[in-house]
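Each of the next two complexes has chain A plus one other chain: chain B in the first, chain C in the second.
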Partner chain A sequence: MQELINRAKELLADGTVARVLGWKKGDMSYNPEVAYFNNAEELEGFVYNGFCAANLSKYLIEASKLEGKTLVFLKPCDSYSFNQLLKEHRIDRDKTYVIGVGCKGKITVEKIRDLGIKGIESVEIDENCENITVKTLYGDKTVAYADAMLERCHVCKGKEHVVSDEVIGESRDTVDAERFAEVERIEAMSPAEKFAFFKAELSKCIRCNACRNVCPACSCRKCVFDSTKFDSAQKANVDSFEEKMFHIIRAFHVAGRCTDCGECSRVCPQGIPLHLFNRKFIKDINKFYGEFKAGEDAETKGPLTNFTFDDVEPCDAVKGGN
Partner chain B sequence: MLKIAKVDLSKLYAAIAETADLFVPAKTAGQTNYTLWSDETVVDMDTLKTVKSPKDVFFPQSENLYTVNKVDKKYKITPEELCNRDFVVFGMKACDIQGVKVLDKVFLSNPVDSFYKARRDHGTIVALACGEPEESCFCKVFGIDCAEPDADVACWFVGEDLCWKALTEKGEALTAKVAELLSEGDESAVEAKKAEIRAIVEKLPYSNLSLEGWHGDATKEKFDSPVWDELYKPCLACGTCTFVCPTCQCYDIKDYDTGHGVQRYRCWDSCMYSDFTMMAHGNNRTSQLQRFRQRFMHKLVYFPANNDGMYSCVGCGRCVDKCPAHLNIVKVIKAFQKEEAAK
Partner chain C sequence: MQRIGVFVCHCGSNIAATVDVKKVVEIVKNEPGVVHAEDYQYMCSEAGQALIAKAIAEKNLTGIVVCSCSPRMHEATFRKAAERAGLNPYMVEIANIREHCSWIHKNIEEATEKAVILARAAIAKVNLNAPLKAGESRVTKRALVIGGGIAGIQTALDIADAGYEVDIVEKTPSIGGRMSQLDKTFPTLDCSACILTPKMVEAAAHEKITIYTYSEVEKVSGFVGDFTVDIRKKARSVDMDKCTGCGVCQEKCPSKKTPSEFNRGLGNRSAIYTPFAQAIPNVPVIDRDACLKFKTGKCGVCAKVCQAGAIDYEQKDEIVTEKYGAIVVATGFDTIKLDNYDEYAYNQSKDVITSLELERVMNAAGPTKGHLERLSDGKHPKEIVFIQCVGSRCSDDRGKPYCSKICCMYTAKHAMLIRDKYPDVNVTVFYIDVRTPGKNFDEFYRRAVEDYGVNYIKGQVGKVAPQPDGSLLVQGVDLLDNKQILKKADMVVLATAIEPDPSVRKIATMLTASIDTNNFLTESHAKLRPVESPTAGVFLSGVCQGPKDIPETVAQAGAAAVKAIGLLAKDKLLTNPCTAKPDELLCNGCSACANVCPYGAITYEVKLINDHGIREERRVAQVNNALCQGCGACTVTCPSGAMDLQGFSNRQIIAEVDAICR
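The block that comes next holds the complex of A and B.
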């Protein structure tokens, strides 16, 4: 972490960058927040650890409008979102300086709490990110790092940064699950079971829009759901399972552009596995158009925005698409 | 003091449900929220905080106000029926009960909100003392005692029993209806439990948060502070904090085109949203800084200014737990403390 701070100080001092976008220590050991650092003094509050899960790419839309370059720290998976935003002309590469940071998987206090741990006073991660010691009001606990890891890290896209000006720190292979296993499980359900599954999950939605607002692929200046001329208000939560419309429309809108960064599921206050919609689209795109990773580069046209006569016919897609 | 064995609680729920609708915290798809009880409900009294507060029971996230239909070239207006069934909310914590008192200030003062009042009149609150307060709790800061919730009935889990004490007429009436399930309990065991809970509260990291400088007369000083300029930046402008909050009471009124008429409904609004308080002339808050500031100014300055010093934060800590950007009212209060100390 000190290496990151030192390098940021250097780049601020020599005028390469005007500000630094990173994570600031929280008031608990597990709640760092996204922050801008404008000078060496402010960087004393900088932190980078397992809890720094927030993908900073989307913040660069606003940062691109500021004077001078912004130094941003991106984890390998965040770098895909960065490329995708570049491709969509939403951020300015010339206004950013990217330091790729090593990642050993990101953890969340929600997962620690899911293990039945309450009254957390402090969380200490050991040097190798193998174990977490949790001091609580009700006694001390040890948790395996992997048990507190976000779903997305169990199916990590890889250790490589697809874009960076320099890389600091080692990453680790955290994959211990099959990325499409859950999608396949749902595909195998009968229509009635599928409906029941999604109804149970999506009925929890409180229309907070956190999934949309955190999503790097959701970068419209004004979301259609925020329009006052639209009948289905973005904030009305109704019993008739209307929430499904919002999530399905959103999944369609980001199809082919979603990098599977997992932020939607990370931020959902109701623990809805929203990434499953997007991952189903990714699986289908891979099947019908060939392996495609959104954000792998900033130039290639996505299969859904690049019509060719060889494209799969809708009827074939339906028949073979489960 | 009365009591019932924990193992018999399902009998108690069934007995209450015979006389009234019963709302309980229950786990659905992994998350605990208040829901209408039925035989199949998996009641979850162990989870300290439901994701959403029980505010919905009195003030639902969305509710119809009236329907307009066109019948024979004439418009017919049908008002929505007011709540006319008795109901019981079981398991509410002291912070959430204080949340209802905040809502009362808004909806029961003139002009009285008839939808809310009907629900308050028909609702009985059975409160539950907090067994294991969590680190994000800071109810003590607002003078709330989570060991002694103030409702129609107060309950405590002590050993293998649930202890039960009626505190109001409504509480006595409910107690009479389930009397045969209750037996004489031990007052001193409950007192010991209260002392145990209070001892934990003393150890909570936010319990001694100072509210110095936050009061009804602080509008200008706080509003103009440069602290907001940086503070709001991580905010995603989502509505999580407002929708999990037990006291946020802002709502919007909208019309839904049913194809052959109009359904006028209201739904919770969030000051974090871009169309919040949108008027014909436009919007009086055009930046996220302004929207972010509004929420905390309302909780800690405007509300006390209009309600004899009552804050509209109850320290439940849901926003602390749930903010996707790890930003919350505690961090706001602390940021101002830091700024004032630096002066």
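The block that comes next holds the complex of A and C.
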């Protein structure tokens, strides 16, 4: 972490960047916050640890409008979102300086709570990210790091940054699960079971918009759900709109652009596994158009915004869509 | 608020017999915006149009809904009528209560309810309509014909004779197409080459016609009147200007083992070749996959023997970019693959051949020099069985559901020619039906039966089994006598179904021309616009549109030419004003719309935007209205809903859906 701070100070001092985008300590040891740092003094508050899960790419849309370059720290998976936003002309590459940071998987206090640990006061992570010590009202508990990891890290996209100006720190291979296993489980359900599953999950939605606001693909200047132009705003007031449509429409809007960064599920206060919608689209895209990773590069057309002679025929897609 | 008039047509009894038109009028009177509603026997008649004009004037209508037939029939009629009465033509909407309602329902109550719903949807849309104005675009006075068979040649000749420049693009080394492979033509039995070659020569010599052989259309952009096309001239490895067509290179070429495409693989050709003697141009090409020079680097015989110094191993593909006002597709056909028809033993026996292969066998320039012989042992056959409808009129997905149309006639031709030349040969034809409509066609077939003693058996063949003695055991059924037939044959000829040439899919995609489930190009109207594709400026010639014989192909080729000429004769075209329009305040600048636009109509510009007081430079989409064809791909791709289609806005469509679901 100190290496990151030192490098950021250097880049600020020599005028390469005008500000730094990173994470600072939150009100608890397990909830660091996204923050801008404008000088060396402020950088003393910078933190980078296993809880720094937030994907900073989306912030660069606004940062691109500021004077001078913004230094940003991106984990390998965040770099895909960054590239996708470059492709969509939302980020100005010339206004950014990307330091790829090593990642050993990110953890969340929710997972620790799920393990049955109550009265959490603070959490300490050992140097190698193998174990974490949880200080609770009822004494210290030790938890394996992997058991507190976010779902997305169990199916990690890889240790490489697809875009960066420099890389600091080592990453770790954290994959120990099959990425599409849960999607396949749902595909195998009967239509009635599927409907019941999604109804149960989506009826928890309180329409706080956290998923939309955090999503790097959901970066429209004006969201269709907020616009008075489309008669679709505020439908939540009159019917169970989000339960039926909001998340589905959102999944369609980000299809082919979603990098599966998992932020939607991470920030959902209701614990809805929203990433499953997106992952189903990714699975189908892979199946019908060949392996595709949104954000792998910043130039090529994605399969859903391109036409080729090898494109799947709609009749085949319907038959094989599961 | 709009002032809308609704006009409900009886269409004689076409609508009124199934829809209670008076009731529709009573109900729609109460719809929002409607200030006038009436019904009439024939709205499209002059009297009906006068009613509309009168109502527009007297009631100060700002929009009208005509509940009548499909807009494909009379939308233009009513738009013009409204325009004459001083209304913007795009303030007219059609509710199709005939094809979509009265024709498909029997119950009057249900049909009436549906007619009301369709009218409501149209009214809801008109409430949000805005006047639109058509722009103008120019016409490039040059036509492109894709395919150099008899269809393409005839179309090109007709367009050129009218005084317009035409380019023919042909993918093989010579023009001529399938017709050049045929021996004789029905129903007059004249030699195919004898009647085709003069047309080929005429096309080649015509000052208005440019022929690109061994070339393919690579890219098409633009729109009716103003297409831009990239043509890939594949490297011939022979300089067309220097070559004298002497043919020595082909004689001396040591690589002579490549199956001849022209002879359907029944004979071999050299690596440097012209497909047939009368080829145009008479300039060979080097098949680089077969050529020893290209494969091993050693050889170069053709270059040594060429007196003209025309051989050029270094030649590269060349891209020619040309502008056209009209494009005619004449990509023709091929016979289907017979892999799904193992029962006929096509892949097991050399003596089971397709009818097109028989054409080559019967032809003096073919692999047997025109002698009828078994390809396995060269023996003269005594017993020949023809099997009709192989892959045609097929109810499962092994073959094609349609009738290939030409097979009954060419089989009668083959049977007759064989019986005429070799009276010792017995000819048997197994058929489902014999279909011979056409001038002098049935007479032709009857001659085969009555004068030439061809044995026609109604019934299909279940199996052809090659025997150890080299003969073929044909197991069939005679449906008229209701008995099984076992017949020994020396040769079996399969009347193989025809299908559009596989290249048509790629071409249709490039032209955004629609094709049906059998890969035939779709016509704009099956009866009234049979040679026009629904894509403006694209015309259809020959079998690419549906199975046809030569007389029909030539007739259709002329029809396609006339349609192309009609377009080229215009100096300006009115453009469709229903084009995409971006809302710059909502635009993210993400390029998704530009990526999906098939017409290259969308570009991006960095502009100073004032978004409710926030002034900033933004990258926003711009639509070129001359290029936009209003397909709407951008509107559904835009994640923020910034892109909208004028005349078919998202709000209008949703209003229609809401009206239907009310």
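Please note the rule applied: the second predicted complex is superposed on the first by the 309 of 322 C-alpha atoms of A that agree within 3 Å, B and C clash if a C-alpha of one lies under 4 Å from a C-alpha of the other, contacts with A are read in each partner's own complex, and residues count from 1 in each chain.
Methods note: a contact is a pair of C-beta atoms (placed from the backbone, for glycine too) under 8 Å apart; a residue touches a chain by one contact, two chains touch by 3 or more.
Since we're looking at a predicted model, the values are computed, not measured.
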First (chain B), second (chain C), both or neither touched by A:Leu137: first
When both partners are placed on the shared chain, which of chain B and chain C touches more of chain A: B
First (chain B), second (chain C), both or neither touched by A:Thr305: second
Partner chain(s) touched by A:Lys204 [first = chain B, second = chain C, both, neither]: first
First, second, both or neither for A:Gly271, with chain B first and chain C second: first
First, second, both or neither for A:Met1, with chain B first and chain C second: neither
Contacts of A:His89 with chain B and chain C, given as first, second, both or neither: second
Which of chain B and chain C A:Ala146 touches, first, second, both or neither: neither
First, second, both or neither for A:Arg221, with chain B first and chain C second: second
Shared chain A contacts, counted only where both chain B and chain C touch the same residue: 222, 231
Touch list for chain C against partner chain A, complex: 505-506, 509, 583, 585-592, 595-596, 598, 604, 611, 616, 619, 637, 639-641, 650-651, 654
Touch list for chain A against partner chain B, complex: 26-28, 31-36, 54, 118-121, 137-138, 200-201, 203-204, 206-210, 212-214, 222, 226, 228, 231, 233-239, 266-267, 269-272
Chain B residues touching chain A - in the complex, by the definition given at the top: 28-31, 33, 48, 51-52, 61-62, 132-135, 200, 203-205, 230, 233-234, 236-240, 242-244, 252, 254, 256-257, 265, 267-270, 273-275, 278, 322, 324-327, 330-331, 334
Complex contact set, residues of chain A against chain C: 65, 87-90, 219-224, 227, 229-231, 253-254, 257, 301-302, 305-307, 309
